[in-house]
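Below: a set of structures, written as structure tokens.
Consider the two complexes below, in which chain A is the common component and chain B and chain C are the respective partners.
Moving on to the complex of A and B:
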């Protein structure tokens, strides 16, 4: 064994340990964030805040999962909203028609999403760039049209009516807003933690490599198609979870959840928050929801205001907020280093 | 040189800002403590293709709120409307409705949402227990389906099934008199269009069993070009055509069908024609289109109705819409119920609303009733007539018979498993 090989071997042993400590640190941060979120209602009694965080959880999971495709793998999906809608409808229908316990419906909905995403993904991820974008959009419209026309099951464009029943399980009653809030926070934090692990794993780095140079990745023996399909399905599962939270929040599911505008909002959130950092989409979500809620309160011309904000980010900053902050911070540190 | 002032925010400025912050935070609480007003929240659609739904609903509401406030408000409390845009998205409708109640302190909701948004707000009302009046959704299931029923939600709008019964019986009479056997339909492709057309045809065949539908067209909602639909209908050569297109879709359809002289080749029944949104926009309104009344100030032909339509026109410089009267009725009912209950409390008003009969310019006999059993509006003016190209647009309206409506509605409920 040469010296070089020995060194490499030592490094190989080193890496998992490092990864493990990083994972532990992430888990601790996630736990801390969850505790803070869960304690918020004891400090602020505002129901608006609870509603806001629940919606942040739904959109945040959706947008962050979209970033796994857009930012990490370079798959610009225009149809990610279909899984958001699928989650909402799957869960709502399961609860209305079968009366199974909530966790069972949750798992079953994810299972359905898994199957659908596998089929759609297997067809889509072979395509590149604009073709991929448009075929995902086509599938989204297919699902949306199915929801609209299958009136006997989905209620057509009136949506799932009559509320989603949610029998209490393990002492958790999701029809209680506080319980729903804590459950949404838990799902959000767990979801973000898992997605972060995916992004930081060797698989996550494979994705970045595929994004930067797919040909090179395949030449060093990576099955590009399989990697893309895997992340497509994983992202779909998180988007579906977001849809489930939304269905619980509005106690129903509506065709709008599977319409292209939801996908568009996801892309917009990513533009707003930035795609180069993991938390960019989450920041974008909070930003968009705050903007949306305050602007609709103040004026009927919210479209105009939101449009100007998009223009500012697209033409003014030329990047998302988090990208900008990270760069600005790095520059400042470098600048301070040079001076010091 | 030494700097006398540090960069950034000074202590004095910080204190001033904190003070200002405290004041701005405290002000709403002070205001609320003094307030005797009762806030009424209203989620509706104020942007996009159907923004007119929201604006004309708002106008209808405000016209009546001013009268109620001038007369002392709801049990001595002035009404303050908080009206907010939902953009026609159900999840936004639910959010806005929750925000109105939870944050803005609204004690009553006027749900001026269309279709799916109304069902979303309905769930919010179920969850929060707040008094809610649906003013725009005409989907029968909202009140007819017992699964939807909650004690705190009412509907002050038309109901699809009422329209179909009256429309079907009117059309059957004409069909028999003129021997119209071959019919075509052309309606927008979404729940309202499909359901309304289905029900209409059911009742048409019930009253005139020998008619047949030889052609069906389902243009998309908000479709700009109807050439293909028009030529398809012309080729089928029906004797009569039914359509429940509405608003801008109906007016574009008529303008385009006029080019092919469609209206001289068959009898046309367009349920949503007799509304000023369509009547005043069409370039050449053909003579003799059969239409249901939506809102028209000449029907019911009473001085009260004409006065209401004129007052609205004078204030907003446009004629009221179907949505206007439906929303105005909500405020009229609220005011009357509050008077009866001598309270502005939502639960007491709800109690008083059940079975309440009030005088109304929009009533078939000068009154409308909030039916107790399913908490929906009955007794409103409903009828059909034919158009002329200038005001009053629909000079003669044949009134629908509410006795027949009730009988057939009960039967319909049974067939749907609702009763």
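Moving on to the complex of A and C:
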């Protein structure tokens, strides 16, 4: 793993022109993935599959943004789900109460998330790891209990009911499943592309340095607090986007979206897929959703089975799936002698 | 917001006594859970995220023992001893495997057990709300102190919790075992080199922490309703307590728990919808002014 990191570190020193080519290549890959996803309904017309991909988009954005904190910066947030819930509720309320167009509500929700994340982040990011984990968790519970007790606004434990109005805009009608599917895929691909750019930018390498040695980073003049706060807010924005997709998908928002288990699942997704690769959380999301659907169908004791699977990964494997893939690939390349 | 109710209460001695007692009850139960959490953190350097489950098991064990035997003392004993054994097994079989690993792994193992334990309770005792009922010995006329109502059971609860706090504090400060535990918290490698089985100490501390949480659950069983997942809100609150008091400090846990108890008790009068918010607000204020808590030392 250290070799891998060293290699990534070396890449950061590339001349800017090559960084630009790489960005173009990333954009091309993103575009290709989007086209494939968008054409999927013409091949498989299963509604279940489309629903599955929409949920993957919502949770995938959430989990990948969490990885920016956990994997890249070493900030173990146990309350990242609050921004998922905030996105869902913010967007749902905006659409229900004000009737503004969808894009306006989307931007406004992100703006609200930005402010909330700035305030919470400013308090949290200077805390040491365990304190950070639990204080973020406490904020998550604060938001959850606010949602539960502010019945007149949020509907309390019933959630936002009566559906979220989704008026068509620019020829896109989000109440149509196919349109929603394409929009979710677009948001997912754009979100992943942006997060990848953040991770590959000089700022992304600053984050890795803070993770590996925060004291040293601060000695060479990096404002650690500001860098942590920046990534905390950025990650919150992407998590919020995931929440918005979820609210659009279920046409409502429920207190469970802001409950701590969402954060727990996010951490587990990262573990499942692996935090050392950018796409690990995405793989983890697909795995967890498949696992969840299967387990819920087979047994009432969903937590029991999930818990045992988590134990298997945490104690037995100690790595995510993508970590194994990367190791296997690195070994193969080494074996073939293609690398110096 | 209902500030009139709050000021009205503060002016009347009857209401003051009642609310203070209820604040003490909440605080003492929280203290028992939080002190286990802080002890485990102080010695083992792990945060037992599944600590709430021990509280839950303590309550369910006590209820079952009480239903079978009808003896309140036996119920308390079962609650405490059962969770102590559970804690020992949990630490030796699972937690001891992730000591060297990063915090993420420890959190995940505990997260897994939160899910597993909640479902196990659901399997054995069912998903519905249960109640143990007040033992006959305590179904007597409540005491009236300065016009306020104080059920005798509350006094017992406060007494047991304070006794536990004193035994714990004195035990850690004065006895040989206490010294070894403090040494192990400070430098486990050296303690182990001196021929002391640190694994045993770790297991013992975890069992002790579990036992205290179980005792809290057992004490709470007659006055609270039992449900799977009941441990989680207690866990969050006791975490707030340890953050306020400072991780690893027993005195901090006591003060923090009482503060939270009073905030909950009086806050529910003045800010009925924002009682929990008050706790978080208080925690944030403490954290911003003293990042390591009121009595905390710098965490290594």
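As a working rule, the second predicted complex is superposed on the first by the 315 of 340 C-alpha atoms of A that agree within 3 Å, B and C clash if a C-alpha of one lies under 4 Å from a C-alpha of the other, contacts with A are read in each partner's own complex, and residues count from 1 in each chain.
Convention: contacts are C-beta pairs under 8 Å (C-beta built on N, C-alpha and C of every residue); 3 or more make two chains touch, one makes a residue touch a chain.
All values derive from a computational prediction rather than experimental measurement.
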So, after the overlay on chain A, do chain B and chain C clash or fit? They clash
Looking at the overlay, does A:303 come into contact with chain B only (first), chain C only (second), both, or neither?
both
- Message: Is A:150 touching anything from chain B or chain C once the two structures are fitted on A? First, second, both or neither.
- Response: second
Q. Now for A:61: first (chain B), second (chain C), both, or neither, which partner does it touch?
A. neither
**Asked** Counting only touches as set out at the top, which of chain B and chain C does A:249 meet: first, second, both, neither?
**Response** first
Q.
Let me test your reading of the model: by the given contact rule, A:174 touches which partner, first (chain B), second (chain C), both or neither?
A. neither
Item to check | Partner chain(s) touched by A:94 [first = chain B, second = chain C, both, neither] | outcome: neither
Tell me which partner A:264 touches in the superposition: chain B (first), chain C (second), both or neither. second
The chain contacting more residues of chain A, comparing chain B with chain C, is C
Among 7-15, 79-87, 97-105 or 133-141, chain C clashes with chain B only at 133-141
The shared contact residues of chain A with chain B and chain C are 301-303
Given the complex, residues on chain A that touch chain C span 70, 76, 78, 123, 126-131, 133-135, 137-139, 141-142, 145-146, 149-150, 260, 264, 267-268, 271, 275, 301-304, 306-308, 310-311, 313-315, 318
The residues of chain C that touch chain A in their complex are 41, 47, 94, 97-98, 101, 103-105, 107-109, 111-116, 118-120, 122-123, 232, 236, 239-240, 243, 247, 273-274, 276-277, 280, 283-284, 287-288, 291, 299
Within their complex, chain A touches chain B through residues 46-48, 51, 55, 148, 151, 156-159, 161-163, 175, 246, 249-252, 254-257, 293, 296-297, 300-303
Contacts from chain B onto chain A in the complex sit at residues 46-47, 84-85, 87, 89-92, 94-96, 98-99, 102-103, 115-116, 119-120, 123, 126-127, 139, 141, 145, 147-148, 190-191, 194
